Each structure stands twice: as C-alpha cells, then as structure tokens.
Amino acid sequence: MLGHIVPKKTYFLIFGALLALTALTTSMAYVNLGQWNTIVALTIACCKATLVVLFFMHLRWSTRLMRVVLLSALLWLAILISLTTTDFFSRDWTPIPESWETSRLPSPPAQGELRTSRQ
Amino acid sequence: MADSHAGAALAHQFEDLEQQHEAASLGMWIFLATEVMFFGGLFAGYTIYRNLYMPGFDAGSHLLNVTIGAINTAVLICSSLTMALGVRAAQLGKRKTLLTFLICTLALGLAFILIKLTLEWRHDYLEGFAPGLNFTFAGPHAKSVELFFCFYFLMTGVHALHMVVGVGVLSVLLALAWKGHFGPQRYNAVETAGLYWHFVDIVWIFLFPLLYLIGGRY
Amino acid sequence: MATAAVGPETRVDYLNVDYGIKSWLLTTDHKRIALLYLVSITLFFFVGGAAAALMRLNLIEPNGALVEPATYNKLFSTHGIIMVFFFMIPSIPAVLGNFLVPMMIGARDLAFPRLNLLSWYIFMAGGALCMYAVIGGGVDTGWTFYTPLSTTYLNTNVMSAALGVFVAGFSSILTGLNFVVTIHKMRAPGMTWFRMPLFLWAIYATSIIQILGTPVLAITLALVGLERLFHVGIFDPAVGGDPILFQHLFWFYSHPAVYIMILPSLGVISELVTCFAKKRIFGYSFVAFSSVAIAAISFLVWGHHMFVSGQSIYAGIIFSGLSFAVAIPSAIKVFNWTATLYKGSISYQAPMLYALGFIGLFTMGGLTGLFLATLAVDTHVHDTYFVVGHFHYIMVGGAVMGYLGGIHFWWPKITGRLYPDGWARLAAAIIFIGFNLTFFPQYMLGYLGMPRRYAIYPPEFQVLNVMSSAGASILGVGYLIPLVYMIWSIRYGPVAGPNPWGAKGLEWQTPSPPPTENFPETPVVTEEAYAYGAKEVAVG
Amino acid sequence: MWQGFPIRPDQASTIARGVDYLYYFLTAIDLFFTAVIFLTIFYFALRYRRRSEKEQPPQIEGNIPLELLWTAIPLGLVVIVFLWGTSLFIQNSRPPAAAAEIFVVGKQWMWKLQHPEGVAEINELHVPVNRPIKLTMTSEDVIHDFSVPAFRVKKDVVPGMYTTLWFEATKTGSFHLFCDQYCGTNHSLMRGEVIVMEPPEYEQWLSGGIRGESMAQAGAKLYDQLACITCHGTGKGPSLSGVYGKPVKLSDGSTVVVDDAYLRESVLYPSAKIVAGYPPLMPTFKGQVTEDQLLQLIAYIKSLSSEEGKARK
C-alpha cells in the first residue's frame, strides 16, 4: 500500500475544528479589540491553514522533504513581503541623523536668503 | 523496465511505484510552492496598500457581506473534507465511494463559484464597486476604497480561476474513476488533485479574514 | 580518437529510433525535447541578435544612422524581451539541462516526461505571442515593462508581449519543477548528493529560482495586463497606486532571473575545467554550496535596481549590503576554478577555450557589479551604459560563453559527431575579442554618463560608440561560424565515440548518441564526481 | 568626431569628487583582481599544459585554509566598500539646510523648471556656482529620471510623489542634463543643459527672466481663484498660516508633518488625511490644477510660514 491511510474519524474531527474556527473568527470580528482584531483574524487563519496542511494534505505523514518545500515557499513569501514593506514604511523617515550633515549653516533658509539678496 | 509487479501503473522512467508516488507528490508540493508565490505578489501589494490606506480599506471591507463570505468558507471546508475522504477511498480502492466523494466535491466547488458569482460579484458590480467597469462609490476615502476593491476583485478573481481549474481537474478525475482507472496502486492523480484542492481552500481561508473581517465589523 | 565499435548506422539511438515530424513533435524523450529547445532558442537568438545589430548600427551616428527613435525603442525592447525570456533563461537549463540531467544521474528520463513536452509547447506559445508582438507593429516597453509607461502611455503591442512572457514563465516553472523532482527522486543507486557533478548542483539551484521567482513575475505582468484593460490602479499613481511597487515585484523575479541565466553556466564551467585539466575540482563542497548560496541570496538583493527610484534610502542601504554578499560565493567559484588548473594537465580544445574566456569575462563582469551595489557610485552610473556593459559581461561574456562551451563539450554526445576543432578555437577567439571590443567601451560610456536606451546621443560619445559597434560586427561573425560548422558536422563530422574527451561522468559511459533509455541497464555509482585520479578512462 | 574624447566626465559639483575617489578605489580593486585571475590562469595554462595524453596529474581535494582566505579577503573588501559607499550616499542624499529650492516637473519629453522667484525654464536650468541647490521633482505622466553626470547626481522623477535631489556646482559652464529612465518614444530627446553661472551673472539672468510674479505670488493668485479662502480663511477649514513644516493632528488620532507631499495629497485627495476637528468638506481639485500649479500653491503655503510671508500678509 502506498501512502498513509488516515482514519475517517480524524478527518471529521479536523472538519469540525475548521468549522468552529470559522465561526469563531467571524464572531470575533464583531468584538472591538482595536489592533488585535487583525492579529486574531490572522492567527485563526494560520491555525486553520495548519490543520488543513497537516491532516487533509497529509503533511504530518509526509517526508521531511515536503515540509522543506512548504517552509521554503513560506520563507520566500516572507522575504518578498518584508523587504518590500521595508521600503514603504521607511520612506517618510527623516533622511539622516543631524550629525551626518555636511554643510549646515546657521543662517535662515537659503530660499529667503536668495530672495532678499535679489530684492 | 520494472513492470512485472505493477503493470500499466508504473511509467517507464521509474524504478518502482514508491518512487513514482513520491515523485508525484513532491512535484505537486513544488507546484504549490509556486502558487504560494503567485498569490504572494497580490498579498504583498495588499499588505502595503492596506497599511498605507487603512481607513479606506476598512471602509471597503465593511461594504462586503460577511455572512455570504462565512457561508462560502464553510462550503469550501466541506469540499476539502469530501476531497480528503475521496483520496482515502482511492487509497483503499473503493471505486463507488470515490465517485460519490468526487461528485460531492465537484458540487460544493460549483456551489462556491455560483455563490461568489451571483450573490457577491454581481451585487458588487450593481452597487458600483467594480473598479474600471462601474465604480460609483463616492463616500469618504473613495480613492482607497477603489483600491481595496481592485484587490478584492483581483484576489477573489484569481482564487475563483483556481477553483474553475480545480473543477475541471475533478471532472477529468470523475471520468477516469468512472472507468475504474484508479486503484490502491494507482491513485497519484487523485492525491495530487486533492493537494491542489486543499491549497485553494487554504488561500480562501486567508482571503476571508483579509477581505471581510480584518478591520473589525463592530 | 578511436572510432566506436559499432557505427551509428547499425546501432539504435535516440536520433534514429524513429523518423518523421510527428516523432519529434510528440516525443517525450528528454533528449529529443532538448533538441527541440536547441533549435527554437537558436532561432530566437538570431532574432534578438538581429535587433542588436540594428541598434549598434544606428548608434554609429549621434543622430541615429538608421532609424527613428520610435523604431529604436522597439529594437531594444525586442532585443531585451527575446534575449532574456526566450534565449538566456531557457538556454542552458532547457537545452543542456534537459539533455544531461537524467543522464548525469543515471535515470531513463525526467520524472515527468509529458510535462516536459508540455513545457516546450508552452514556451513556443509564449514565443509566438512575443513574435506576434514584434512583427505585428512592435513593442516599445523595454524588457522591464515599467509602469505607468507600459500600462497607460504606450499604444504598441504591450498586451501580447506581456502575455507572451507570462505564458513562457510557466514553461520555465515547469522545467524547474521537473528538474528538482528528478534530482531528488531519480538518482541511480550510489549517486549521493556529494557525488553529483557540479552541473547538477547548479541546475538544482537554478530550478529553485525558477520555481519561487517566476510566479511573482507572472502575477505582476497579469496586473499590468489588467491595468491596461480595466484601468484598475494597483500601479497607477492617478488612483493612489504606486509605480514603485511594480518595480519591487518585477525585480523580485528579474534580479534572481539573472542568476537563472548565469548559474547553469557556472555549472558547465566546473565540468569543462575539470575535464580539460584532468583534475578533480578544487574544493567540491565550496563550489556546490556557493551555487545554492547564490540562488538564496539572489532573492534578497533586488532593490539595488532601485537605488535612485524613490525607494526609501534605508531600504537602499539594506539592499546594498545584501548585494555585496552575493559577490562572495561568486568569488569563491572563480578562485576554485583557477586553483583547479594548478598542477593539472591542461589541453586547449575549443570547450576549454570557452571556459577560460568565461572565467576572465565573468570576473570582469562580476567585479563591475561592485560599482552597482555601491550606493554612491550607483547613483552616478545607474541607467547608463555602465549597467549595459556590466550585465552583458555577465550574460554574454558569462552565460553565453558557458552555453557555447557546454554545447561544444557535449555536441559529440548529442550528435555522435565531432566538429572541426580548429574552426571552433578560431570562433572562440573571435568571440572573445569581439565581445571585449563591443562591451568594454560601454563601461567608459557609462562612466561618462551616456544613458541607456538612447537612440540619439551627444556627439562626444561617438568614438566609443563606433568602437562598440565595430566590436559587435566581429562578435556577430564569431556567432555565425559555430552555426555553420556545427550544422556541417552533423552530416560530415567524424564519428565521435562515447567519450572523445576522456571525461568522467555517467553521460560519457553510454554510447554517443545515447539510446532512448540512456543506459542499457541502470548504472551503479561507486566513485565521486571528477575522479580523474582513478585509472585512465578507456577512450572509445 | 575625435574632438572631445573624454575619459572622465567633468567634475563639477561638491559631490563629484567624493564619488570619483570611491570609483577609483573600486577600479583599483577591479584591476587588481582581474590581473590576479588573468595572470594566474595564463601562468597555469602555460606551466601545466598537457604534454602527453598519458599524463597523470596529482589530484588535489581542496584546501580549507585557502578557501577561508579567499572568502575573507573579498568579504573584508566589500565591507569597506559598503561602508564607504553608504556613508557617502547618506551625505549626498541630504540637502543642506541652506539649499535654495528649485522645482522640476518632468513631462513626456521635456523638463519644466521653476525658480521660486517665478522664472520658469524648459530644458535649461540656470544655477549659481558654489551654492547648494535642492530640486523638488515630480512628473506629470510616466517615470523620468533627472541626471546630471558632471555632478554625479541622479534621481527618478515619479508621478504622484515628490523626490528630491541636491547639488552644489563648483564650476561654471554648461553641463548635460539627461532623462535616464526610459520614458517613451522621445526618451533620448528629453535632454537639457544645466548652466552654472557666477552669482552676479545669475542674479542678472534671474531679474532679466522675471515675467511677472514669484512662485508664491502665482500660488497666492491661484489660492484666490480657487476660492480656498472661503474655508481656509473662515475657520471652516484649518488655517494654513504657519502650518508648513509643523506636525498636525489628524481626525484618526495620528499626526503628520505638513510637507510638500501632504499638501499635494490634501489638494488632490482631500479626504485622505483630515485635520482633527474639521469636517471632511473639501472637494478634490484633481484635474483642476496642474503639477506646476500645485507646486505654486505649495510655495505660497510655505511662504505663509516664513517671516517674509507673514509680513506680506
């Protein structure tokens, strides 16, 4: 026989858990948790996905190689998202610490200076 | 060629069924890794824009119908269960059970697509939430709401496209199962299709909170 | 060179097992599919090359010797799209990889032969779409498809070109998938990971990039297409989208794509250097792991294409640091190849000349990459001819030299015939000289500030441009010579025998050309790769 | 065609010299390693050429100390280059506080430049020598790139956002200005000149070129035309006097600093970030104001924050 045969009972248990988690995540959305709403929703989603992957997709009984494949996909996804967001969320930061500055002059902004020198 | 014990089930390039079986699942897992990255591009864009335009994305999210979303989630979870049971039937060589579960999965998949199409997309389109086609929403943050709906339609659209492909694959499996093509030695196709189907389910498991719930509905 | 005991007329091999166009178009034999790719990408190479020739011709005059700027834009877009997606990316993996991966591990075929054929059809469908875009009016986005130019402002065949690249991407993904599964699951008994030829390590690393990078390009191009069709605004600043997000997603694939092009070449060079120096590779595990390290790090460096794009300077600093990291494994490879030559028994047949040329040009190309990873210097040379020179040193001086070296090395195995070595050496020398004359002046042009993608340029850049164009004509001749003698050799070349170079590796232990099932019986591997110290290989 | 066969571009800004030193350092590294590799290969190739087919070379497995050595040396070098390049880049990215601001709008296929004094130029930028100049740039259509090789500066000009660039010219004369980002059909014609002048000449040029009003004055006129005053002067909307460069509290509790990007967003997409305590009444002016006019409005609002602006009021 090829592959692992999972008892029916396990499937039904997982199925029940998935439905329960769906109900939970939906109802949690109606509770005001502030920032935590996002975290709770995503955590529950991760739990559900883990259940599906481990039991329905048999990863629990698969070789280590399959797990490495999955984990590397997730790692690469994390690379894509984290390095891209690095750009977007540091764009507005002040460019450089003051001490780096090369030729800071104590005078008022040159724009004004330029104008006065002309007028 | 080592076809003495396995007959037509073994392709000529493999030494034995074990090797063939492992190659098939590994191939599917790698394909799913590809799929993760395919959706990943959309998820990355979504993450960035949601954080840039939080109020608009929340406002857009509130325009969606959570009940239908939750029902569709349940439909997909049911289909995942029937698919898993179908694979089990194939493993055990139970042709009739396999046929039953494949039909169930197919029906649930179609139900998902139908609900999406008639109760959600059509409604969203008529309400004027379809960017590029019919976007008339004019409340606060209209611009970010439009961007939200871009992502909504893209992500659910690409997901639905995968559902359609899955339904096609299931139909082929159904025809093959009808002809008695599968057996305990020969169920790789059912198993890999199952992996794909569960993956599409997982994508929805993430889309549901991201699009419908994430900002809170209170 | 002893003749094989049995002539090709009497022995059944993969070439004469079946005849007729159908036997080729419906084949699932990895060796035949490799030849399908070989013919297709050679065609694409000459299409892309023709575009390049016209560009260089145009640049002889500062005001454009030949065509209008609009046409010039189409030429460089055609050149880029065809060369990158339809020649470089499939070159070594799809031709040599397809042919060699099963043979090197002692398997009868790839894990999924039908999928392999499907990959070729998908590739050709993508190619057809792009050729339609080129012939039916042209496309002028550049190969980078930057938004909002590509989505909103151009009225050329952007859709079919983007669709073509999108489709061809799946061919690349499926080929990579096939290789990874094959290398994991189909190795002959005794073929452990550390007995594998380094070519396989390189192909394996390449496949990882193809699998994990290409889908991101696919979705990005799909978004470009949707934006053109429905004006959804993911990348459109007019709706609040950000065009820089496009660049992130595009380069997330397209920087690693550079390594899809160069990594297999690095693998080929390891095979060539060891064979023609009759030496085992110096530091096997360092060379093997540096391939994997390059593949992994390649995904962390894409932002160095965006130092001046308006990206946050903090992201720029991170990407700059990571980009330098990729220099280390590349340097390790170069040093190890050089060390392999030490106390070797070096012969100078044509493949070795390509390999030595490769090491030199790859060194120069790699080192100029340091300029582009350095934030302050990149600010000056970004989007100038310096960049053009740099990546041509890597891709043409590196990847194409490696590809040609590999084709010359395995040609006797593929066809069972030898090509005239004298002509081949001459061609290698002409290509090396022509190449340097073409692309070295481009470094200087770039430092002087000449922007890339300019049809018309200030007159002070003319001298260097004329030099570059002159070099290109030599290079063009250099590429035509192998085409002629290779085709000639199929019919008139002397019979090669199973192992004309006295090389190690399973592929040399089977007749040339190999039979359909590769090996009469599954080989058992008892020694590591490049065991040149063992008993003299029986030639022929 | 031989006239002017330069090996090095003009060094005409304070930034150029620093960049060039690093460039030379990198070139030296390049030459050194290229020479090492080439000479070693040539030497080995001659010394160990195959003399007979029967030859049996000794087999060498590898050498860990050697591997570590040639990992460590490149590593050390790239760390030096990284630190050097990054610190230089950071210095070159931050405009000095005293920099005079000039506004740039890229458009297929021309450069539109506005001096705060109201002089507008196309494809020519006049600047005084030895004075830091800061460019605030945006695009009306696709991505362009403002590049002056003689100054070793370059920055993309992106639609929908403001990017900045600064330089201080050290040489008078005329220098190429290129669009370095492919921007469509006439990309290669989107060129211009930066003309660096002695300050007195520059002043003269500036006064000769005045065709009416300064940017801030033009902005003030627009401000009247668009009837901004009906809200922003009456308390219906937030007052704009003295807000530039200051943080302001938003209706969702967060704060932003009022800068060019925020002002631009507020004119085009007023509902995006609403100042706390005010209703979201403002209509969008998208389509009614061009990028040039936006810059004028911003210049005007900015002038309300400077002493002089207040006096004028």
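Per-chain residue numbering starts at 1, and chain names A, B, C and D are given in the order in which the chains are listed.
Just so we're on the same page, a residue touches a chain if its C-beta (ideal position, glycine included) is under 8 Å from a C-beta of that chain, and two chains touch if they have at least 3 such contacts.
All of these numbers come straight from a predicted model, not from anything done at the bench.
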| message | Using only alpha carbons, which chain's centroid is the nearest to the whole structure's centroid? | response | C
| Taking each chain's centre as the mean of its Cα atoms, which chain lies farthest from subunit B? | D
| Where are there more C-beta contacts: B-D or A-B? | A-B
| Where the CA atoms of subunit A average out and where those of subunit D average out, how many Å apart are those spots? | 32
| Cα-centroid distance, subunit B relative to subunit D, in whole angstrom | 45
| request: Between subunit A and subunit B, tell me the centre distance in angstrom, where each centre is the average of that chain's C-alpha atoms. | output: 21
| note | dist(centroid_CA(subunit B), centroid_CA(subunit C)) in Å evaluates to 35
| request: Specify, in ascending order, the residues of subunit A that touch 2 or more different other chains. | output: 65, 72-73, 76, 80, 84, 88-89, 95
| On subunit D, where are the residues touching two or more other chains? | 90, 93, 269
| said: Can you pull out the residues of subunit B that are in contact with at least two other chains? | reply: 22, 26, 30, 33, 37, 40-41, 44, 48, 53, 143-144
| task | Sort out for me which residues of subunit B touch subunit D in the complex. | result | 53, 55-56, 140-144
| Complex contact set, residues of subunit A against subunit C | 65, 72-73, 76, 79-80, 83-84, 86-91, 93, 95
| remark: Given the complex, residues on subunit B that touch subunit A span 17-18, 21-22, 25-26, 29-30, 32-33, 36-37, 40-41, 43-44, 47-48, 51-52, 66, 70, 73-74, 77-78, 80-81, 83-85, 88, 91-92, 184-185, 187, 191, 194-195, 198-199, 201-202, 205-206, 208-210, 212-218
| query | Hey, which residues of subunit C end up touching subunit D in the complex? | reply | 69-70, 72-73, 140, 142, 144, 146, 148-149, 152-154, 237-238, 240, 242-244, 277-280, 282-286, 308-310, 313, 316-317, 320-321, 324-325, 327-328, 331-332, 334-336, 338-339, 341-348, 356, 359-360, 363-364, 367-368, 370-371, 373-377, 379-380, 382-384, 444, 447-449, 451-460, 462-463, 466, 532-533, 536
| Of all residues in subunit D, which touch subunit C in the complex? | 1-9, 18-19, 22-23, 26, 29-30, 33-34, 37-38, 40-41, 44-45, 48-51, 54-63, 66-67, 70-71, 74-75, 78-79, 81-82, 84-86, 88-90, 92-93, 108, 141-143, 145, 147, 149-150, 152-156, 158-161, 163, 176, 178-189, 191, 269
